[in-house]
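In the two complexes that follow, chain A is the common piece, with chain B as its partner first and chain C second.
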Partner chain A sequence: MDGYLVVAASVIVSGVLVGTIYAVVAAGLSLIHGTILMPQASNGQIFLGAGLVLWWLQTQAGWPLWLAVPAVIAAGLALVFSLELLVFRRFYARADRSITYLVVTLGLAQMLSGLYIGAFGRISDTFSVPPPARGYAFIDPTPVSNARLLAFTAAATVLCALIAFLRLHRFGRALRAVFQNRDVARLRGIDIISTYRLALGLGTAVTTVGGMLYAVAFTLDLTVGWTMTLITFSIMIVGGPGSVLGALCVGLVFGFTQAIVSVFADPTIATFAYLLAMLAMLFLRPNGLFSR
Partner chain B sequence: MTTNVRKATGRVIATGASVALLAVASIGIEASAAATLRVGWNSELSGAWTFTGGACLDAAKLALDEVNANGKRVELVIQDNQTNPAQAAAAARLLDAQEKVTLISGTTNSDTSLAIYGFAEDNHLPFLVPVAAFPRLTKPGTRETFRMEPDAVGWGYVAAKFFKSLKPNATIGIMSSDFAVNRAILAGLKYQAEKDGLKIVSEIVFPQTATDATVQVAQMKALHPDFVYVAGASAFDATLTHQLIDFGFKPEQLYHPFGAPKQILAWGESSAGSYYGTFFDHNLPNLTENGRRFVDAFRKAKGYSPGYQENFCYATVHFLGEIADKASAGRDQAREVLRGADSKEITTGVPIQFDESGARTEYMYVMQLKSVGKDDFTATKSSYLEWSAKTLPIYDLAP
Partner chain C sequence: MKLRIAILVAALPLLGLFGDPKGLTVFIVGLVLINMLLASGLNLLYGFGGLIPFTFAGISGTSAFICCNLVLHAGWSFWIALPVGCVAASILGLALSFPAIRLRGFYFALSGLVIQSALTIAFIYFPSLTNGDTGITSIPRPTLAGQPIVSPWLEILIATATVLTVTGISALMRSPIGSMLIAIRDDEDLSRALGINVTAVRSLAFLIASLIAGLGGGVYAHYVGFVSPRTFDVLISLNLWLMVAVGGRGTLVGPLLGALILTPLPFIFQQYTWIKDVIYGGAIVVVIMFLPAGLFGLLQRRAS
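Coming up: the complex of A and B.
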């Protein structure tokens, strides 16, 4: 009986933790695509880069966590705003910019991936950040490390803050107005280009936070960026581009599907079971669960 | 007339002297070329295996400096195969046709090694593999390929033998990622476990993209195995280890079939007490003087202690230095020297001998981790096994 309880509780722990972290990264992607119509294919590599830079700052440069975290976010923002200045802004006015952005960001993803292999791949092939909290707590009767609990709490806080910002703050409402109809938003006096930049910055900051939380909860290697790109694109499409709530709900569906199927089936089937769940959701709501 | 005869005689003498001089010079050139063994170093210097290929080359260069300290005996012609089998075969072709190397070496990956294996066997080019454990590389009938790293099926054999030595009739749980070398290790483990009366209570195999094992670890915990065999792919190996320990498994219950330094550091300090298989460790008590020098030099250069992969590359170049005199005479001679090799690893004294299909005499150490710090770890030797490749039906078991 005790064994069944442990397994049942582990489903909840795994579903919530994995789902919430993936939802954070997907929310970053969703904000950018929902606003700018930019399928940011390098989002997974920015996620990975955040984890790798956090690892480097902490283990190689000896920075404390409180200093390393804002430095990583700042580095992510510096990267995307440089790209915005050099590349992204050139296509804001194009009606068919989605495909252009897809090609540009895929190229960027390849370059970042190569850069990580060149820079970090020579130092190690696995990257574990020092746990920010020691020991473990019990979600009765399942033990969970305090570091992972901390990662979950931070992820949930980021998502709640993001939802509150989009609903309550005037800049957040401007973003939502552009999600819904950029022509009407323009007529209402919203500066569309500034809103695009806000979405790009906010989405990237959220993605870098997701990368750091993932590095705290799990261990990184240089392939995880591509895996994350696939997962977060799936979550964004099913949740509805631009919807943080959609990313959260579908992220949790992803986490729980994987955890529940793990109880009955092979991990390989469980890992890909989320695709079936997502296909089922798309069958019911072809434009995404929370589409505008 | 006399003048003409003199002129003709002079021309003949001059021509003869030139020919003789040229002959002497060419003998000199040949003699000097014969002293240097040209080796095509076809390795993973970019792509997914950058870290291993780069570390291997660093260790090889340390050995190269030592081997060539008193004259150039070995020359490495380096080619990056980008961790890509097609590129590895293309690089082998270039090393063969353009660089005219005597043999190829340098790979650290089974997939690229298999690609070169095909080329080497077809083109009669000796191939000395430093690091690659996939059994097919030395399947019966292999003529050109010789391997420094014992095959992966044997690693599973060692795991079973070790479990039995700790507890006869032990129950084993398996948690591993699905990749070719791991399938070979598991084949050896299952084969020997059955023979030795060990019981495998659960086998959970993860896809290579898996990131979390919370539920599976809970399921494993519910089965109360005596030992858990842990072999995750890349970063998942550390995640799996952390989650098993978080769930209450004692480190002494965990066995990793292989442990490389960066991998061990990623397991973290809470894994102290767990066991891992290896072919070299800087904590080994039987390191030779040269072995200790290698550890110090490598640590000074790279900031971490070398593991079995780095050691295979270092030992390979030293071994090439040993055979350079005979092997540099040509590919046929190189093949024969490799086939008849009876040497010892310069760092540990473990024998280097190959059977008729190029497989090395099998051996493995099992180490117990004692402490894990930021940049280094300590471990003690728990056991050492040496056996013949014929002890197990390796090529029937290997996938």
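Coming up: the complex of A and C.
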């Protein structure tokens, strides 16, 4: 009987951890798509890139964590804003921009994925960041490593801060106004283009944080960018584009699914379930469960 | 006129056949011709039908796996297995055209991405049919009277199939069905109001395009001799789409031109396979930003 309890507890613990990290990345994607109508297919590669660069800075360049984390966020923002300058801003005014953005960002994703293989593929197949905290904590009856506990706490903090920002801060409320009704938002004097840039920056920053937390809690490999793209797109479509709360709830459900499936079978089968959920949602309610 | 250009472009890679029949050039020529075939099929849906079918590689792969399993394990002849694979692919394609009835534009493309990813996972999780991630190796070449067809002749056979396919698409596009397909692409509501059966015409386009995808997939498997789930993943769909877009969508020559330009590129940087992803990914961005009508469209504009 005790054995079952341990398994159940470890499923709950890892489900919550995986789910919150999914939710962080999906919230970033969802903010971008909800506001700009840009399905950022290279967001998964930015997630992977953040983890890889953190790994490189820590193990190869010997940077301390407090310096490496802001450097990674700054690098992610620099990348995405140079893309905004060169590519994204051309299509802001198009009515059918979603499909254009989907294809362009898929191209960017393929490019980034190739660059990662070229730069990191020769070094190793898997990448694990040295844990920022040692030892284990007992959440009765399963041991959880302190590094994972730290990752979970940080992910939960980021999500809470994001929700608070969107509800309370002036800029956050402007963002929500744009994804609720962009015409009325414009009439009320909100600068749409700056709001787009804010969403892009905020979404990307959140995504890079998610990538670093994943790298701390688990082990990265070079295919995880595509897997994360699929998972976060599913979460976004099921939860509703633009809804952080939706991303959180659906992310947790997906995390638990993944944890439960991993007990019995290969976790990739869980991906199959997410894809079916997304497909069903596309047919039944393309705006998602948590849309206004 | 256009058909003449099409045949000219298709004949161009055949020039490469005057060389060592076992050499790399001849092999690349074969791949160019297969990609021309596949891109022409995709063009029917994207260029003439206005839908981006990200499921194309998966449909092609279904035929490839069925075809080489029938040859390797059931001992069928390639010439009987190939039509079976094609029919299976067109049935699958028709079933997967279902989202097109309800979803438009971005949502259709997204549903295609989802289905394609699910197909790739399915390929990996039926290792009895696909040998999982390792893939199926040493698939025999098509035979004629018991003998495997040797190199220059097999390429010439593929070239014939490609030219026949392009001629078929050309004839289809000059028929009323082709006009209806273009009318639906340009204004769906108006076409419906004019009494065009939108669902039937689109389904027919999917059926024919999937048949071509199946033909290309089966031929690819037996030409290259190796297939794995990754041979038919979402990036392949994306890159076939890229060939159509680079060449010029909605023209007969465009996909041929695109396949001719893009297929040999990775072979220049053989040691660094990742450069292919960087070039193709970059080409997608460039085409979307600067070449909406593709290279053939650019040439046509220069000419006029």
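Here are some notes:
Here is the rule we go by: the second predicted complex is superposed on the first by the 264 of 292 C-alpha atoms of A that agree within 3 Å, B and C clash if a C-alpha of one lies under 4 Å from a C-alpha of the other, contacts with A are read in each partner's own complex, and residues count from 1 in each chain.
Going forward, a contact is a pair of C-beta atoms (placed from the backbone, for glycine too) under 8 Å apart; a residue touches a chain by one contact, two chains touch by 3 or more.
Bear in mind the structure is a predicted one, so any value in this text is a computation, not a measurement.
In the superposed pair of complexes, A:Ser10 makes contact with chain B only, with no contact to chain C. Contact with both chain B and chain C is seen for A:Gly118 once the two complexes are overlaid on the shared chain.
Of the two partner chains placed by superposition, chain B and chain C are both touched by A:Thr268. In the superposed model, A:Ala137 lies in contact with neither chain B nor chain C.
Contacts of A:Ala161 after superposition on the shared chain: neither chain B nor chain C is touched. Contacts of A:Ala259 after superposition on the shared chain: chain B is touched, whereas chain C is not. Looking at chain A, you'll find residues 114, 117-118, 121, 266, 268, 271-272 touch chain B in one structure and chain C in the other. Those residues of chain A that touch chain C in the shared complex are 39, 87, 90, 96, 98-100, 102-104, 106-115, 117-118, 121, 230, 233-234, 237, 266, 268-269, 271-272, 275-276, 278-279, 282-283, 286.
Note for the complex: chain B touches chain A at residues 46-48, 50-52, 54, 178, 204-207, 209-219, 221-223, 234-239, 242, 246-248, 262-263, 265-266, 268, 374. By the touch criterion stated above, chain A contacts chain B in their complex at residues 2-4, 6-7, 9-11, 13-14, 17-18, 59, 114, 117-118, 121-128, 136, 142-145, 218-224, 227, 258-259, 262-263, 266-268, 271-272.
Touching chain A in their complex are the following residues of chain C: 52, 99, 102-103, 105-107, 109-111, 113-115, 117-118, 121-122, 124-125, 235, 238, 241-242, 272-278, 280-285, 288-289.
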